[in-house]
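Have a look at the structure below, then the notes.
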């Protein structure tokens, strides 16, 4: 009804990605420090980290649309009081992402674009699902965060059942190794001890992106982000099935941390890791 | 000034499964002076506290016929002022301020210090002879000065009954003499005094009546002069006493025989 | 047992910008008994602490010719045992255990209690007459029992010099008499005693020599008997004294005149 | 001494007046009447924030003052004795269970829950003090409070951990504490707490003066010690509960401000109540300005700044102070 | 009393023997000699972890015991007085600045940095106590310690906030504390600390007994009070520094274990040193077993369990204890 937003602020890297994909790059007035895709996003003014919402900055930017994610929900009533229009982009499942696309599309007057992207994503996902359909589903442990520089991996965060990664693993023809994990945490902390108890058949490790990595030792980033080193850390750890069978895949790049329009990329990488026997 | 009368009937107190006081009775008349004596742990301090309503006693304590139990703290504080045995806590106040704090029971809750309060406090400081210490902090006073300052604060409370628990402990001879003289003067001015002391001569010197307790029981009660005519003292303290009579003086001086040999 | 001699020469001490002791000198012979008297705040406790090496004095203090300053804590503790003025802290130990703790200076650092230690401790408990209290906690004792237990611990230290700061405070008459008798006995057994007290009769009764200090200065020093032949006492305490001589007894009894009227 | 209070009053006033204009984006007095972005920042954000900050700081400082007198221990503070952690417990549980209540539209459910938690903590402490025959000594009660603090802290962590991603984030944010607010509702909601505690501090000031000299002394001077203790115990926890409910636990103010104020003013608890209110309020507002300006647009939790500046100041006073 | 120590010794021993076999994956005694997965879990993971846990728990408890005696305050503990926070500061700074040192290959740079931080904290406290003419009273020193604790805590947070993405992860993990380890190196590195503090506790036990009865009393019984204080101050901070450097700050053990032990044994500080070591070690190992088993494969930070169980146990003792 109202005019299309011209000063959009996005406080979620995924939201930023969607906005650019919808062709709204021109209308973005602010992003987070972490928004690195597409590369144009890096040139946008930074409005801060991503768990805080700085009302003053928003008022100064004369924000006419604020893109948030789930964890910002507590700010809603304050935003309403300030009359700053906002939209929450949930990203806990693939369906959430489709919905986010159509919601943002509607608000920015780019419904066509939104449904195009959705269709493209669905096609990509379907193609991958086809390839792994009917194959036996091995157990997969997905590590989302750990300390890269320590000699032995002592503890790491892994994706539990209540995450979008769970869905992606299943569509990629695997089974989340933490499906029946008891703590209820979305991303429980697991030690070597826990790793042994889970005994996964496949390990996928997301190590982020080297430009976000600051190290204490003056080490060679090329060295740290080399597959040999990263995979080696797992292989020298507890001899679970994935280690014995050398089924450890380390994925580097922030794309794997972004459940957005590039979801098919994540899915494909997972599927390749889970089913190397398929011809890709 | 109202003249009060203190009546204690059948007072008992137990703590820690032990009867510390049992069935003590006595009374003190308006403007009277009763001293409580007895060996260590006899229950002297406890007796004072019960009589002042600071401990939940059994039996009856009345001031002017009114039960202490039925009075609230403020009402009690308007009748009875205290000098405690261990007034040695950290009190970060000046002497005047500390004395002014004693006006608490008389002040409406929201009010500050009134002109009348200030006058009474000044009077109390003068009576206790601590005017020149008024602006010193209690933390910097010597033992004797401190004890006098605490007495000034008790006087500022404007009561007609004064409870003293070992007012001369920590004091040297001169200060003992001065303190006792001060207490006598206050008593002479009409204040009823109930004093606990372990120095029998302070009792002999100043008080009209003596109550001796031992293991929680009243073992002797009577006029001070009577005490001298019996062997009671030796029985109370379980040690022999010698009395030295000095020609032309009211009462003799008592000394434990152990030191007179 | 080694027999010690304590020499204090020109002892001064300042704290808080104030001279608390100035140029005090005296000496005590082997097995002697010197009592320090004086009004509140005269510096009696401070004198004792300096002489025992607990405070950093100016001047000279020697035990058997050796400067206390040059001795370390253990060496000092082998010569001098203490009964402190305010031994009233929380001490969660039994009497025996507390006495055994006094053996510390004699024990090699790693060692526990030896058989010899146990004998000495038992002896000390016996001498102080607290054998039957041995397994009681210090926290549950009465004032008099407690003071005796603390003395037992000092005896267990096995020294030839004993420093006592107001050993009779908090005690009732009987306990005062008993405590003084105990101290006399210990002295008679050969222990040198340096005692601070504010009760002049305790000094008169037991000690051979008396040192009076006032405002940090030694104002009188001599044989106990001499003190009685002068008006020194009244000057020291700035109050009149009466002396009561009792037929057939060594020394008279002193009482502040203020209480004998 | 009174001069010091007047000076403090002026400084406190100046800070309150200046604070709304300072920030990453500086405002000018003309914005008071203006329209547009700057005026909105002033009226919707800065003024409510400064108000809430001042009220909370004053409240916490006075509550700390009272607790320290009540326990006669310089380390006793509502933070130390589990009240804040109890409030956090209420809030965390509320988020975890996803309950939604709201009273009168103004007070949010989470605030009520936090308040309930604070109340629970204080009741537990109270019970611990009473279950045992003969009661607990003050020092045991203190230790019990510290133990409760640990207990609630660890339970909070367990609840946080077992939450979903979004919940956990909300809980973590909440337990950091902060003064960011829109509109005057929270400031208004916290005002009664301040008024209550100021009134109580003023009323019981003379009683507290007597109380710190010893319980028996206080009683013999006409103070109903048991009633006083109960009254203060309950009102302080009640009021701290309100404050924590609205701003989260803001460390340090309740513990250190009373000490700093004692160095500044000394004297009785009536004066100290006033001094603590003035100082605590100004201190928290000043720290909040720093927290939102220093690393703008990011914002440091205000508790970090209070701890940092406050402890430096306190150490300075301790080393160079008069006494 | 000696019976109690023997009992404690047995219980502690049983816990150490049983602990390596308990976990999400249960092991059997035959795995000790076996080969393959289970044996590797036992030798590479469980045994090092149990060893490190026992050593750390014993160390922290004894250090707490000594500090409480030294400050004659039940709330004094290395945690409370800024030593742990100081160590955390060293570690956080190390991570932030990206320095890299390593001595003998075994001791990592971060441990050295943590140790340096602990040392800094204790030196600052020491300095605060000495700068002022006439020195600080014990209670002022305590307050100074608490202020330092706040100071280091807030500076740590500021450093963390200013860090980048991965840094924060590492620092957060470090400041939570934990015993996960692969291999015996950390256990070996922490052993000297335990030995030192046990020796010191044993040696100075009789002196501490005298010390808690009063400084002058101790001195007159042959204790060099100043030297004792310096010695204990430095060794405790040194040893806590090592422990925190290796496992991060593990809350609660240093504060509450000594109290629990005093309830168990009473008596002198030689016995208490032994009791604290036995209890502290067994307690931390038991808590660690719980932390890795209860929600396996997820793992709770062990500090959460120690706080939770320990404070419950302590409250129970407080309410039902003998004294």
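Letters are used for the chains, namely A, B, C, D and E, taken in the order the chains are written, and counting of residues starts over at 1 for each.
In this text, a residue touches a chain if its C-beta (ideal position, glycine included) is under 8 Å from a C-beta of that chain, and two chains touch if they have at least 3 such contacts.
Labels paired with UniProt names: B, C = ABC transporter domain-containing protein; D, E = Fe3+-siderophore ABC transporter permease.
As the structure is a computational prediction, the values presented were derived from the model and not from experiment.
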| item | value |
| --- | --- |
| Set of chains adjacent to subunit A and to subunit D | E |
| Where subunit A and subunit E overlap in contact partners, by chain label | D |
| Taking each chain's C-alpha mean as its centre, the one farthest from subunit C | A |
| Most widely separated chain from subunit B, with each centre as the mean of CA atoms | A |
| Distance between the centres, which are taken as Cα means, of subunit C and subunit B, whole angstrom | 31 |
| Inter-centroid spacing, subunit E versus subunit C (mean Cα positions, whole Å) | 44 |
| Rounded Å distance between subunit C and subunit D, as computed from the means of their C-alpha atoms | 53 |
| Residue numbers of subunit B (touch at least two other chains) | none |
| Touching two or more other chains - residue numbers and ranges from subunit A | 183, 185, 188 |
| Subunit D: positions in contact with at least two other chains | 161, 298 |
| Complete list of chain pairs which touch one another | A-D, A-E, B-C, B-D, C-E, D-E |
| Of subunit C, residues touching subunit E in the complex | 16, 49, 52, 54, 72-74, 76-78, 80-82, 84, 86-87, 89-93, 97-98, 101-102, 104-105, 107, 109-110, 112, 157, 163 |
| Residues of subunit B defined as touching subunit C within the complex | 38-41, 142-144, 169-178, 180-181, 198, 200-202, 204-205, 237-239, 241-242, 244, 246, 249-250, 253, 255-256, 258-261 |
| Residue numbers on subunit D that touch subunit E, as the complex places them | 74-75, 128, 131-132, 136, 139-140, 142-144, 146-148, 150-151, 153-155, 157-158, 161, 251-252, 255-256, 259, 295, 298, 300-301, 303-305, 307-308, 310-312, 314-315, 318-320 |
| Contacting residues of subunit A [partner subunit E, same complex] | 34, 145, 147-149, 152, 154-155, 178, 181-183, 185, 188-198, 208, 212-218, 237-239 |
| Subunit D residues touching subunit B - in the complex, by the definition given at the top | 202-203, 206-207, 209-210, 212-214, 216-217, 219-225, 266-268, 270 |
